Structure formats: C-alpha cells, structure tokens
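Shared between the two complexes below is chain A, which has chain B as its partner in the first and chain C in the second.
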Partner chain A sequence: MSLLSRFMTFSRQHATLPLLMVPVIIAGIAINAFGSSLLLNVYTYFCVSLIMVLGLQMFMGNSGILNWTHIGFVGVGAYAAGILSTAPAVKHMGVPNMFPALVSLHMPVIPAILVGGLVAALLAAIIGYPLMRLSDFVGVITLFATLIVFHVIMTQWDNVTNGPRTFFGVQEFTTLWVALAGGLIAMVVAYWFRESGLGLRLRASRDDRYAAMSVGIDVVRVRYYSFVTSALMAGLAGGVWAHFITSFSPKAFYISEMFLLLSMIVIGGSGSISGAVAGTTVVTIARELLRQVEGTINNAHVLSFEVFGLTEAVMAVLMILVLIWRPGGVVGGQELRWPLFKRKEPGATKEAEDAA
Partner chain B sequence: MPMLTVENLMASYGVVRALHGISLEVNEGELVALLGVNGAGKSTTLKSITGVLRPVKGTITFLGKEITNRTPEFIVKQGISLVPEGRDIFGQLTVEENLRLGAFVSYERDRYKADLKEIFELFPILEERFTQAGGLLSGGEQQMLAIARAMMAHPKLLMLDEPSLGLSPTMTDQIFVLIKRLREMGSTILLVEQNAERALEIVERAYLLGNGEVEFAGTAEDLKHKVDIASVYFGGDDAQKAGVTL
Partner chain C sequence: MIDLEFLINTLSLGSLYALLALGLVLVYGILKLVNFAYGEYIMIGGYGLYFSATVLHLPWWATMLFAVLAAVVTSYLTELAAFRPVRNKSANALIVTSFAVSIFLQNAVLILVSPRARAVQLPAVFSRTVSIAGATTPVRNLIIIGTTVVVLVALSVLMKRTVLGMAMRAAAEKFTTTRLMGVPANLVISAAFIISGLLAGIASIFWIGRSASVDPVTGSAPLLIAFIATVMGGMHSPTGAVVGGFVYGLLFNILSITLPAGMISYRDAFMFVIVVLFLLFRPEGIIKGGYTEERVG
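Then we have the complex of A and B:
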C-alpha cells in the first residue's frame, strides 16, 4: 500500500475529528477576537461542558446505561482540585472547619486538576464494580441513588467541602484557551475510546448483552473499566470547571446540572462523539438565549409573577420532541463523515446518507 | 478421546426442568447434529455448554478440561464459539466491527487481516457490506455474518443454533452448502436443527432430543431408517394414522 493511499484511508476513516474540531477552534478564535466578555464566558463554559458531556458519552453513550452519578464525579474532581490548588491561608478563611491536613496541602493548578481526576476515578473504582452488574432501570435507579449519596456527603461534610455553603477562593486559571485545549483533548480521547477495543466491546454489550457474552466479552468488567475512565474524565472536567467558576457549592453537582448534561447528550445523540458535540453546542446556545428571554420578560414587568425555570422547561420539551422524532438524537449513532471521502462500495452510500 | 463430552446434563429455567440428563459426544473433525422439536432442549443444551446457563447437574468436558459452571468468556477462550439462534449479530455495529469482535478472543492485527481475506472468499457479500450497520443486512446476510464472526475466533468447536431459521429456501440451501464446506475444511461442528431432513443430508452422526432427554443417538443413516421422524415431530402414532410422512 502506498503512503498516499494509506493516508487517504486513514483520513477517510478518521475525518470525524477534524470535522468537529475545526469549527470549534474557528469559533474560539473569532470569539476571542470579536466577542463580548459575556460571549467569552459562554464559550469557555461551552468548552468545559464539552469535557463533561464527552466523559458522559464515553460510558453512557457506549454502554446505554444512564449514568446519573456522572455529575457527582465532576463534583469530586472540582472539590479535590479546588482544595489542592488553593493557598492554605485562603482555605483557612473560607472553610474554617477544614481538616488541618487538607488545609496544609497545596500544589500548582495543573497537578491539582490531574489529582482531582484521579480521586474521582479512584472513587469510581471503589464503588463501581457492584453497580456495573446491574442493567436497565435497576442500574439507572441505583446510579441515581448514588448521586443522592454523593450530594448528601458534599452538603454535610463541613470539614472538606464547607457543607452547603459556598466554597470560594479558588484561583482563576481556566481561560478560553485552557478550556478549548481541554475540550479538544476530550474529543480526541472520547473518539479514540469509542473506536478502541474496550469501546467496541462496550458498544457490543449495549447492542446485545447476551450476544456479547457469547463472543467472549466480560460485560461487567468492560463496563467497570469504562465507568472508571468516564469518572476520570468527569473529575478532570470538574477541576477545570472549578478554576473557571472559582466559587461553588454542592448545588452545582446535582439533579438540575445533570439534567442539563443529559439534555445535551440526548438531543445531540449519545451514540456518537459528533452527537455529543452537536448537542452541547445546541443546548449551550439555547440556554443562553432562554436566559436572555427570561431576563427581558422579568425586567419588563409585563407579568405579575417572576419567570424562572424557563431553561429547564424548554430543554425538557426539546428532549421529548427529539426522543419522539429522532430517538437516536439529532446526529444519531453514526459519526459525521466528510462527504468527499465517501467510499465507493455500494454498501457505504447508505451509511453516509444516514450520517448526513 | 472425544473433543466435547457432555455427561448426564440437567438444566432448568427456574422450577421448570428443561434437561433431564443428557449425554453426548463430539469428536474432532466431526459434523454432529442435535435434532428435535421445539422445547426438546436443543438450545438449552447449547446454552449450558457455552456457560450462559448454569446446569443443575452433570459435567461438560472440552479437550480434557472440565468447563462446567465456567463463565462464557472462559469457555469462548477455550475454543468454543456459538452462532446463536436468531443470528444475534450486533445490529448497530458495522459488519467490520462485528467481525473484529469475533477476532478479539485472540487478536493479532496481521492475522485479523489474513482472516478477513479468507472470510471474504467464503462470504463475498460481507466485503460489499463491510462498512454498513449489521442491522441493515438481510436475514441470510446476517446469518452469514454471524457464522463469519464465530469463525474469526478460530474456534476448535463451532456450534450453530438453527442456522436455517426464518430463511428463504434458497438461502437455507446456501447455508447448508456452506456448513458442508466448513466441515470439509476441517472444522468440528455441532449443528442444532429443527429441519431434520436437511440436517441428516450433511451430518455424520445425530442425537435426537425429546422432552429433555436423548431419544436416539447414532449415525445419520441409522436415524433415517430406524426412527420414524414423523412420529417424533408430529406426536407418535396419531401422526402415522393421519398419514404424515417426511
């Protein structure tokens, strides 16, 4: 095989990534040059959301198990990274009851974020195995209950999280470029994971659990490894987010935030990276617009009551509509492919049409 | 020593006993059929061998090693591949991914490529449909994909569960020709079929199951002549009175 044809095959197979990354990068450069500070924030938040959603896609999208606990791991990563990177003096002031051992811990931001990811992954490794034996709604309910446990611990553990009160004083580190780099890395990792042996086995177990067992796949183990990997990504996203938002409370890692992540992945299509990226884009834009509408209505005082929760309500309706008309999400289960690289075999045309 | 020995196998679904002590053997290089009506226990026997169903009693020995109560993953790695009933292919995955999953038992990139070439010679349609989702294939093509996927694992024993189920007569012919060819290439095959007549044309030996027991065991010739298959399939003497023959 000549070098050129090898390159052609490779780019045909993996055209998805540049197809997704280039528009995101162009948008980033444009917003950095011309955007208002609001737009800059929205875009940075979008990139951080991408890391969270792609982490969710790695497990949920490939295994078909609705993972409510995901946002809990984001929280674990956020608190761990926040505690590690914040100066002892600041922590002493912000979280008066913190364990002395935690107060004295201090390290630069990047290692702190990495450790935060590892803490989340370790936690997933400890609690994950029994959870992965459960399928379908039993599994979903158990993961939901696990999120509640996470939330209760975060709101009650004064000595670590400052309880229900705000944990503040985290350094601002996540600029637009840091977030963009994180988002791009997340895309590559999630894409690579989906195509890897582990991802393929996981997708097979989603498709048909018993057929997967009959070709020699240990479904529980495959799910377990993926769950831990996904939690690692969630933890890293939490660390990046914490250094963007700088102050947060356990509220940020609970049902309404998780619902937003779910709407992103469901609207776009959980089966593919393309779907996750598209969903995150659509929901981020829609959310910002709805927030503006909500603000405008409230400021105009045309109604006798305050409008709130518009975002969640519209997202829920949007999700229902997508599930009715395109159950696989807007993009569906297939990755986007570059039309130029369409294969010539008769079999491939239909797939390309499906993806388009 | 036989390749696969099943001794006094009993299995049940909850309180319902499906197998009441089945014994059978498959020798290396043989093509053996497991025949019987619906509910006779054919699929249950296969499920027990592959470890998907845990038998209540009995032993299963493969290549001198006991595999009773082991996990399906372990049993696949020993060299037993099952093509499940109803062609359990992965409908959302592409043909390529389906085949790759079959090869994962002992994956080597170079061997995988060589195996693909072989598979394409046997099943040219799969090359044509390589990048398409498995679910978009026709029933017969899916059956071919299921067999090809099982072969990618280089099984020492290939078990086919009702490969002709739901296929058109032409497709059924093709599948039987293919099974015969696999046999000639040296594979050991345990074939489960309802279509006894067709199966007996290509196999050497057969076991006839009924109500969870082996009712007859012997060569295909014996089974054809000594056993009134119609009576087994259509309920004993009544069938003969009604003049049903196969």
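Then we have the complex of A and C:
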C-alpha cells in the first residue's frame, strides 16, 4: 500500500473528527468576527458544555451507566481550580473561614485547571471502585446518592467552598478561544477513548455484561478506569467553567444542571461523539431561544404573572418526545462518516438502540 | 435514650418512610423503573390539599380525599403519556423519561401556581400532643402508625387474595410468562401506577402535615428517602421496602441523637455513606428476593 492510499484509508476511517470539528471551528470564527457579545457568551458556554458532555459521554455513553455524579466532579474541579488560581487577598476577603493553608496557595490559571482535573480524578479513584461493582438500578440510585453526598459536603464545608454562599473573585481566563480549544481537545480525547481498546471493552460490557465477562473482560476494572478518566475530564471542564463564570455556588453542581447535561446527551444520543456534539448544539440553541421567549413574555407584561420555568418544562417535554421516537437520540449512536449520505447497511442501527 | 418517646418517634417515622418506599417499589417490581417522578406525586398531593382547602373550601376529610385523588390521577396520567410509549426501550431511557417527567411537573407547578411555598392547613388534631405512659407525642405520629398498619394490611390482602394482586405479583416475577398466561400488560402496569399514586397521596398528607407548607420542590426529599429505603431494604419485594423504610427511620433517629451538634448538618451525607457502605457488602439489600433482570419489552 502506498503512503497516499494508507493516508486516505486512515482519514476515511477517522473522518468523524474533522466532520465535527470543522463546523464548530468555523462557527467560532464567524461568531468572533460578527457576533454580538451575547452570542459570544453563548458560544463560549457551548464550548464549555461540550467538554462536560463529552466527559459524560466517555463513561455513560460507553458503559450504559447513568452517571449522576458527573456534575459533582465538575464542581470539585471548579472549586479546586478556583481556590488555586485566585489571589490570597481575594480569598481572604471572599471566604473568611477558609483554611489558612488553602488561602496561601496560588498558581497560574492553566496549572490550576490541570490540578483541578487531577483532584476530581483522584476523588473518583478513591470512591469509584466499589461503585463500579453495582450495575443497573442499584448502581443508578447509588450514584444519585453520591451526587447528594457531594452536594451536602459542598454546601456545608465552608472552610473550603464558602458553604452555600457564592464563591467569587475567580479571575476571568476562559475566552472564546480557550473554550474552543478545550472543546476540540475534548472531542479528540473522547473519540480516541471510544475507539481505544479500553473503550471497546467498555462498550462490549455495555451491550452484554455476561458475554463480555465470558471473553475475559474484567468489567469492574474497565468501568473503573473509564470512570476515573471521565472524572478527570469533568474536573478539567469544571476548571474551565469556573474561569468563565468567575463566581458560583454549590447550586451550580446539582440536579438541575445535571438535567441540562443529561438532556444534551440524551437528545443527541449518548452512544457516539457525534450524538454528544449534536445534542449539545441543539440544546444550547433551544435553551437560548426559550430563554428569549420567556424574557419577552415577562417583559411584555401581557400575563398577570411572571413565567418561571418555561424553559425547563419545554426541555423536559422535548426530551420525552425524543425518547419516545428516537430512544437512541437524534444521531442514534452512530458516528458521522464520510461520505455523509450513504445507504444504510442492514443491522447498523442495532448498537444505537441499545445505547440509549 | 431508648425510651417510649424514641420508640413512637421511630415507629411513626419508619411508617411514613415505609409508605414512601412501598409506592416506589410496586412500580419498580413490574416495570423495573426507578421512578424519579414519584416525589412529584407527593408534591401534587400537597397542592391538592392546598387547592381544595383554600379555593374550594372543602371540609378537612374531603381535602384529604382530594389530595389522594390528585396524586392517583397524576400517577396514572404520567404512565399513559410518558411511560407507556417508552416502556419497551432501554432501561436508561425509562429512567431519563421519569426524570424528565419530574422536571416537567415541577416546572409546570412553578408556572401555574407560584415558586413560593403555600401554607397548608390541617385539622387541629394533627398538631395536638398526647401523653402515653409518660411519653409526650403529637397525635399525628399515632395517626401515621395507625394508617400505615391499615394500608399494609389492605395491600397484602389485595396482593395475596385477589386476582389482580396475584397477576401483579406474577408480573413482578416473570413478566413475559404472565402475559402468555393471558394477563393484559397495560392493566397490570396501570394498576401498579395507581396504587403507587395512592400510597404517594396518603404519604403526602403526612409529609405536608409535618411542615404545613408545600412548594414545587417538596417532592425531592421524600423521593430520596424512598430511594434509599428501597435500595437498603431490597428492591425485589414489597416486604423489603417496608423493612427498609423502618430501618431508615431508625438510622435517622439514631444519627439525630448521637451526632454532635456541629456535625448535624452532615447527617444526610452520613446516612448515604452508611447506605453505600452497606450496599458494598450486600448489594441485594436486607431482604433478598428472586433476582430477575427481565424487563418489560
């Protein structure tokens, strides 16, 4: 095989990545050049969400376990990176009860974000192994309970997190370009992970746990490594997010935010990177539009009361409709391939249905 | 420390938790659905109490009937509209659907009523206290224990002696076989949701009675209790749910007494850690059941 044909095969095999990345990059450049500041913000937020959703996809999409704790690891990363990168004087003022050792810690933003990711991964490594032994419904409920433990600790441990109050003063670092770079890296990592040996074994354990065990896959161990990797991604996303939003409270890492991430991954389809990216795009756009509608209704005073929660209610209905008609998500668990439109091979959608 | 007052408190708390857990496990048994919308049935029940008392001005017994009815109707409607179409899809699809239903109901109430809490008036009997053999306790606690006993007896008669009950137990055991025996799937599942709503409605009267107010997120705390109680007791039988409810109540009261004041705000975290640790050694819960992974499809 000549070098050229080898390259052609390679690029055809992995056409998914450029197919996803190029539109995102073009959109980024266009929005940076022509967009309003609102649009700029929405796009940056979209890129940060992309990191979180792809991190979620790495574990949940490939293992089939609904990982409620994901947003908790985002929170751990956000607090760790925020505490590390914020100047001691600001922390002294903002979080009066903080441990003195933590107040004196200070480092540049990028190492802080990296350490934040490592802290989340370390935490996952400590608590993960027993959790990964539980499957199905007990697993789901236990992970849900773990998220609540995270939340209780975040709201109560005011020596570190400032308790239920807002943690503020994190410097602004995440611009559109930083977020875009993060999103692109996340795409490459998630794609690579899905195609790697570990990802393949994890997907096998999702499709049939007992068959996977019978061919020698240590399901618990495979899940454990993936859980830690996914938490690392979540922690990094949290750090990037913290330096975008600059002030936050434990509320941001709880059920309603998890609902948002879940709606992104479920509407797009959790089985593939393409699904995660598509879902994030659709949900971000739909959410912004609904917010505008909600704001317009409230500002116009046509109704005698304020409309709260319209966005969430409509998102919930949208999610149920997608689950009824396309349980595998809009993309349906498959990756985009080049050429884009090809006759469907028989049996190619089986995986998609199971992945929902 | 272990006196009559502690005993009555624990029994009444355990009864309430057992009711909550039972409603959750009935649906789980048949549909293998962990119903995140279950807390919302309780919330709707609470709003039923509020609505019938302040808008319709019904007498107190009618408000309670109204609340239970509201929870039952909500439970049945969610089954029809959301769970039935997704029933034969993957397990995660079902769970996510129930979560979306829960978010939808919460926000619907947020839009239609108000984000602020509403006061709920309950008859004076509920807040009066009485002393038995030197122990002072609110009458409410005794009513909870009494109601739970009645409900448990009625439910076990239903499950053991009637055709519907037998069909439901059979469906929880082997759904496909039960269908092959000529039991209509929709009937059994709807019945499970209706009974689940009934239990949620009854529990909502007592749950709302404790705080005397209701708001859109009222449902999350009882939902969580039901989750943990069922997981701890064993998800495969109603007995497990009841046992789990009582054990959870006991654990809660013991932690409330023994934890130092500074740690009391971490109580929930402690409870979950204990439960998670327990599950590591016994993933099937206190009461083992016939373990079937078969799902409706």
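Quick note on the criterion: the second predicted complex is superposed on the first by the 339 of 356 C-alpha atoms of A that agree within 3 Å, B and C clash if a C-alpha of one lies under 4 Å from a C-alpha of the other, contacts with A are read in each partner's own complex, and residues count from 1 in each chain.
The rule is short, and it goes like this: a residue touches a chain if its C-beta (ideal position, glycine included) is under 8 Å from a C-beta of that chain, and two chains touch if they have at least 3 such contacts.
All figures in this text were calculated on a predicted structure; none of them were measured in a lab.
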First (chain B), second (chain C), both or neither: which does A:P327 touch?
second
Is A:A211 contacted by the first partner chain B, the second partner chain C, both or neither?
first
In the overlay, answer first, second, both or neither for which of chain B and chain C A:G197 touches.
first
Could you say whether A:V282 touches chain B, chain C, both of them, or neither, answering first, second, both or neither?
neither
Considering only touches as defined above, state whether A:G271 meets chain B (first), chain C (second), both or neither.
first
Looking at chain A, which partner touches more of its residues: chain C or chain B?
C
Touch check for A:L105: first (chain B), second (chain C), both, or neither?
neither
Please write out, lowest number first, the residues of chain A touched by both chain B and chain C across the two complexes.
354
Spell out the residues on chain A that touch chain B in their complex, using ranges where they run on.
197, 200-201, 203-204, 206-208, 210-218, 271, 333-334, 343, 345-348, 350-351, 354
Where on chain C is chain A touching in the complex?
28, 32, 34, 82, 85-86, 89-93, 95-97, 99-101, 103-104, 106-108, 110-111, 114-115, 216, 220, 224, 227-228, 230-231, 235, 265-266, 268-269, 272-273, 275-276, 279-280, 283, 293
Per the contact definition, I'd like the list of chain B residues that touch chain A in the complex.
50, 52, 71-73, 76-77, 81-82, 84, 88-95, 97, 100-102, 104-105, 107, 128-133, 136, 149-150, 153
Could you pull out which chain A residues touch chain C in their complex?
64, 66, 130-131, 133-134, 136-138, 140-142, 144-146, 148-149, 152-153, 156, 255-256, 259, 262-263, 266, 270, 305, 307-310, 312-313, 315-317, 319-320, 323-324, 327, 353-356
